[in-house]
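Next up: some structures, all given as structure tokens.
Below, chain A partners chain B and then partners chain C, in two separate complexes.
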Partner chain A sequence: MTRTLLPLVYGSAAFVFIYLPVAALVLFSFQDGTLPVPPFEGPSLRWYADVLADDDLTAALLNSLGVALLSASVAVTLGFTAAYGLARHRLPGTALLRALLIAPLTVSYLIVGLGLLIVLQRIGIGLSLWTAGIGHVVINLPLCFAIIYASMGAQNVNAERAARDLGAREAQVVLLVTVPMLAPAILAAFFLSITLSWDEFIIAFLLTRFDVTLPVEIWSMLRSGLSPRLNAIGSLVFLVSVTAVILLELVVFRRRS
Partner chain B sequence: MTARADTIRGWGFAAPALVWTAAFFVVPFVVMAAMSLATLDGRTLIWGLHPDNYLELASKAYLARAIVVSLEITLTVTVVSVMLAYPLAWIIAFRIPPRWQRLALLLAILPFWTSYVVRSYAWLLVLARDGVVNQALLGIGLIDEPLTLANTRFATVTGFVHFFVMLLTLTIYANLVQLSPNYRKAAADLGANAFQTFRHVVLPLTLPGIMTGAFLTFVLCIGDYITPQILGGNTELTVPQVIMVQLGRRADFPLASALAVVLMGLVTLAYLVMSRWLRLDRL
Partner chain C sequence: MTAPVTLERIGHSFGSLRALDDITLDIAAGEYITLLGPSGCGKTTLLSVLGGFLTPDAGRVLIGGEDMTRVPAVRRPTATTFQDYALFPHMTLRDNVAFGLRMAGVGRRDRRARADQKLDMVGLLAQADAHPHALSGGQRQRVALARALAVEPDVLLLDEPLGALDLKLRRAMQDELKAIQREVGTTFVHVTHDQEEALAIADRIVVMNAGRIEDAGAPARIYRQPASLFAAEFMGETNRFSGRGTGGRIETPFGAVDRPPPAEGPLTLCLRPEAVRPREAAAQGSLAIGPSRVRDAAFFGTHCRAHLTPDAAPDLLLVAHLPAVDPPAPGAVLDLAAETADLAAFAATG
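Presenting the complex of A and B:
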């Protein structure tokens, strides 16, 4: 009896705890009144209409998408070339180079952002979405490198060697053999980078000025307190993240198994 | 291809990432460390080897207090999260049929992917004075007056624990399923009951995984600004909050840098304490 009952009770309680804030967020985004707290009145879509008509928010959303796509592309490209160079060529001090590339993972985002902010101010480069993007590449590059490097197994070497024996140049080997074989890892790194950049707050907050990303815009809205508008925009952001995760699950992991 | 040509090509492939990391991570990091030893004369920055900022950390009570608050919150969050996540990972790994495990795990950590800012806001919603929890407790008559839950350390810890329970469930689950079922069968054959099997077989074997997850929790928790800022109110500040105050209101970059260095020091300390159990290469 306790063998099944206790796990059931604990599991249910854990799921209530995990989903309580999300449920409150989504439910009260459909609130008809002006406060996102019980009692629930509605459902109403007025706050979604309100949010979608807000130019600042839609601009921030497009900024976020742009920064996420561009920084993830750069991070995944640099991560892949570095992984290929270290795994397929003899370089002196490989362990040290690997440690250097992974190092940003061990440092708080706040410190990455603070360091970049100081340097940018010293050399007089103005803050913009570009500088936030540079910061996002710094935090995502180690992840992309680690994921792709870990999947550069020995079984791929033979296929690359065969291609080379058949007369392919190195660029052809990389683009036509290595990249397609590593596609699941490359896609996983790409989607993960997009999700992390899309959600990232502190670096974007420190390194942007006039045009901001969505988390920074939401942050500034938060100062005026609880509002169903925030619930609506929060629910939309959650929807985007969940879609990316489910795509990752379907595209990458289904193919692998 | 000669060995030399091979090496040159290898540098060609690795160079962009190495240059990027050096220019936008290593250089800023070194400049920040140097900045922590600079000092401000009015608004003019004076570089050099000045211990002023570190002396200020030791002498000003609110700065030392922030370090203590950060450590207390982070340690509480780490311990509570591990203790809540372990049973959940256990249930998913051993009580749910294998074909449903992946789905159960995906569902258990789905809110992990909500944006940081939004997740903290959602907890504010739940814990507010007229929020869901208070209304529910008032409704069933357990309390007469709404409890002050939001803008407290309790709220900060709850917000953190929510996030890290999901992260740790994922890492501990990964450890539990790697464990061969033969160990548990052997323990049972030798007469161990469920608790003894857990205490003497499963727990020691999963300890490196737990410690790695706990270290990750420590690093991410102690460096986070958003959760305490949104949920904790302004009665007590953590180190990241104090750093942001220095940057914003006072533009005191040297002091902010010194605090950042202290933050790094705390993480290094945690690493040294836990390093005998850590398996970071398995992350």
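Presenting the complex of A and C:
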């Protein structure tokens, strides 16, 4: 009895621990009152209506989506070209280049953000969504490079040679053979970059000014106290992240099996 | 389409390793050549040089009379099938086979028809819309072959095409390869380390070792009268013993053979197990080995394999493939002889 019960209890406890905050957040986003605390009154969609009617919030949401999509695309493109170059060509100092590309993973977002802030101010570039996007490329590029580089095996080398042998030019080799064969890794890197950029606060906070991303907007709202509005926004943010993860699961891992 | 190939004094090194050393070889248009040798002998490197994947340090490659030494793979009239097939996993078989035609700018309808024709040739037209992962190893090899032949190369290069297949399938595929080569008439250069495969399939075998050509010639000649001791041993099991070249004759432990020796002085002699036969079955003028005592014998289906000690040379243990009747009992004495045409002689070294 205890043999089956104990793992069950433990497993349930672990999942409750992980998901209780999220569940509470989502539950109280449907609160009918003005405070997201028990007892639960509702359900009501008034806070969602409130959020979606708020121009600042919807603007921030769209800003976040734009920054996430664009910075993820740039990070994946740069990561792929770096991985392809280092995996297929013998360069002097390959190991060093590889280490330099991956090293930013170990630097905290705060340091990356501060560093970029100092550099941008030195060279006189104003803060905007673009600079936040640059920051997100900086933090996602090492990840994209590592994921794609790790999946560039010997199997692909011969397929690329075969394509060349059959008359494909270099651009055709990359676009028709290398990229499709690496599609699972490239898509995984892309979706991961999107979710990381979507949730990222510190760099976006440091590198934006008038137009801000959603986490920054939420933070400024938090200063005026708790409200079920925040729960509603949080639930929407969570929904977008979950969608990205589900897409990743469907598009990438389903193809493999 | 087909073209002759000439290799002139090809040399190549990887660091301190001499991978190819002064390789000179003429291949006629429409010939089926196998490059045979142990791993690391340079045969795959030579294939890379032919395919344009590697520019040699020295020498020239001529295909159809044109100097191709520095022409990259993409512009050579060659096509390669790779050891791991290197099919494009994200494309259907038809798209795989049509890939080269697509690169050459052939229209969709035309390249589809030509790809289907090649798939039909290798018996896979019914699976044209399948993806490579749904196929067995032998089928993948067929697709790789169809894909390479679809661009109608002058020279087809095959890197261990049957290496990943099991023995039975390998034997069936080698017959098929030969038949396809007859049909298309393209020059085939086939790399293998399996001497049986080479013997069965090639018009001419090129035996390689340590970056050099040891021997090149028709399969029967290479098997029976190899040009070097290495070739003799690589082509199959052989009995090796000492002899002497004196006065224009070869002296063996069993008497002299009236044939000019390769050198005066000590010789190494090689005799295939199946060249040793019972005296009554041997032709006139064969070399008499004389009475020999059976140490052991086993039945192998196509022959009986026996170890024997000849009375004329008691230190020697001969391996013989005798006719497939009841194996002789240990201790029995057989009167043996060997065809002199099957005796290979080399100047002894060291």
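Basically, the second predicted complex is superposed on the first by the 257 of 257 C-alpha atoms of A that agree within 3 Å, B and C clash if a C-alpha of one lies under 4 Å from a C-alpha of the other, contacts with A are read in each partner's own complex, and residues count from 1 in each chain.
The working rule: a residue touches a chain if its C-beta (ideal position, glycine included) is under 8 Å from a C-beta of that chain, and two chains touch if they have at least 3 such contacts.
Since this is a predicted model, take the numbers as computed values, not measurements.
After superposition on chain A, the partners chain B and chain C are accommodated together without colliding.
Rounded to the nearest 10, the angle made at the CA centre of chain A by the CA centres of chain B and chain C in the overlaid structures is 100 degrees. Of the two partner chains placed around the shared chain by superposition, neither chain B nor chain C is touched by A:65.
Once the two complexes are laid over each other on the shared chain, residue contacts for A:167 go to chain C alone; chain B is not touched. In the superposition on chain A, contact of A:17 is made with chain B only, not with chain C.
Touch criterion not met for A:127: it reaches neither chain B nor chain C. In the superposed model, A:187 makes contact with neither chain B nor chain C. Legend: residue contacts after superposition of the two complexes on their common chain; A:28 is shown touching chain B, with no touch to chain C.
Annotation for chain A, partner touching more residues between chain B and chain C: B. In the superposition on chain A, no contact is made by A:251 with either chain B or chain C. Between chain B and chain C, the minimal CA-CA distance in the chain A superposition rounds to 6 Å. Contacts from chain A toward chain B in the complex involve residues 4, 7, 10-11, 14-15, 17-22, 24-25, 28, 35-38, 77-79, 81-82, 84-86, 88-92, 97, 100-101, 103-104, 106-112, 114-119, 122, 134-135, 137-138, 141, 145-146, 170, 195, 198-202, 206, 214-215, 218-219, 222, 226, 230-231, 234, 237-238, 241-242, 244-245, 249. Partner chain A is touched in their complex by these residues of chain C: 51-53, 72-74, 78-80, 82-84, 86-90, 99-100, 103-104, 147-148, 151. Per the touch definition, chain A reaches chain C in the complex via residues 155, 158-159, 161-169, 172, 176-177, 180-181, 183. Across the complex, chain B meets chain A through its residues 3, 6-7, 9-18, 20-22, 24-29, 31-32, 35, 84, 87-88, 91, 95, 106-108, 110-111, 113-119, 121-126, 128, 130-132, 135, 162, 165-166, 219-220, 222-226, 230, 240, 243, 247, 253, 256-257, 260, 263-264, 267, 283.
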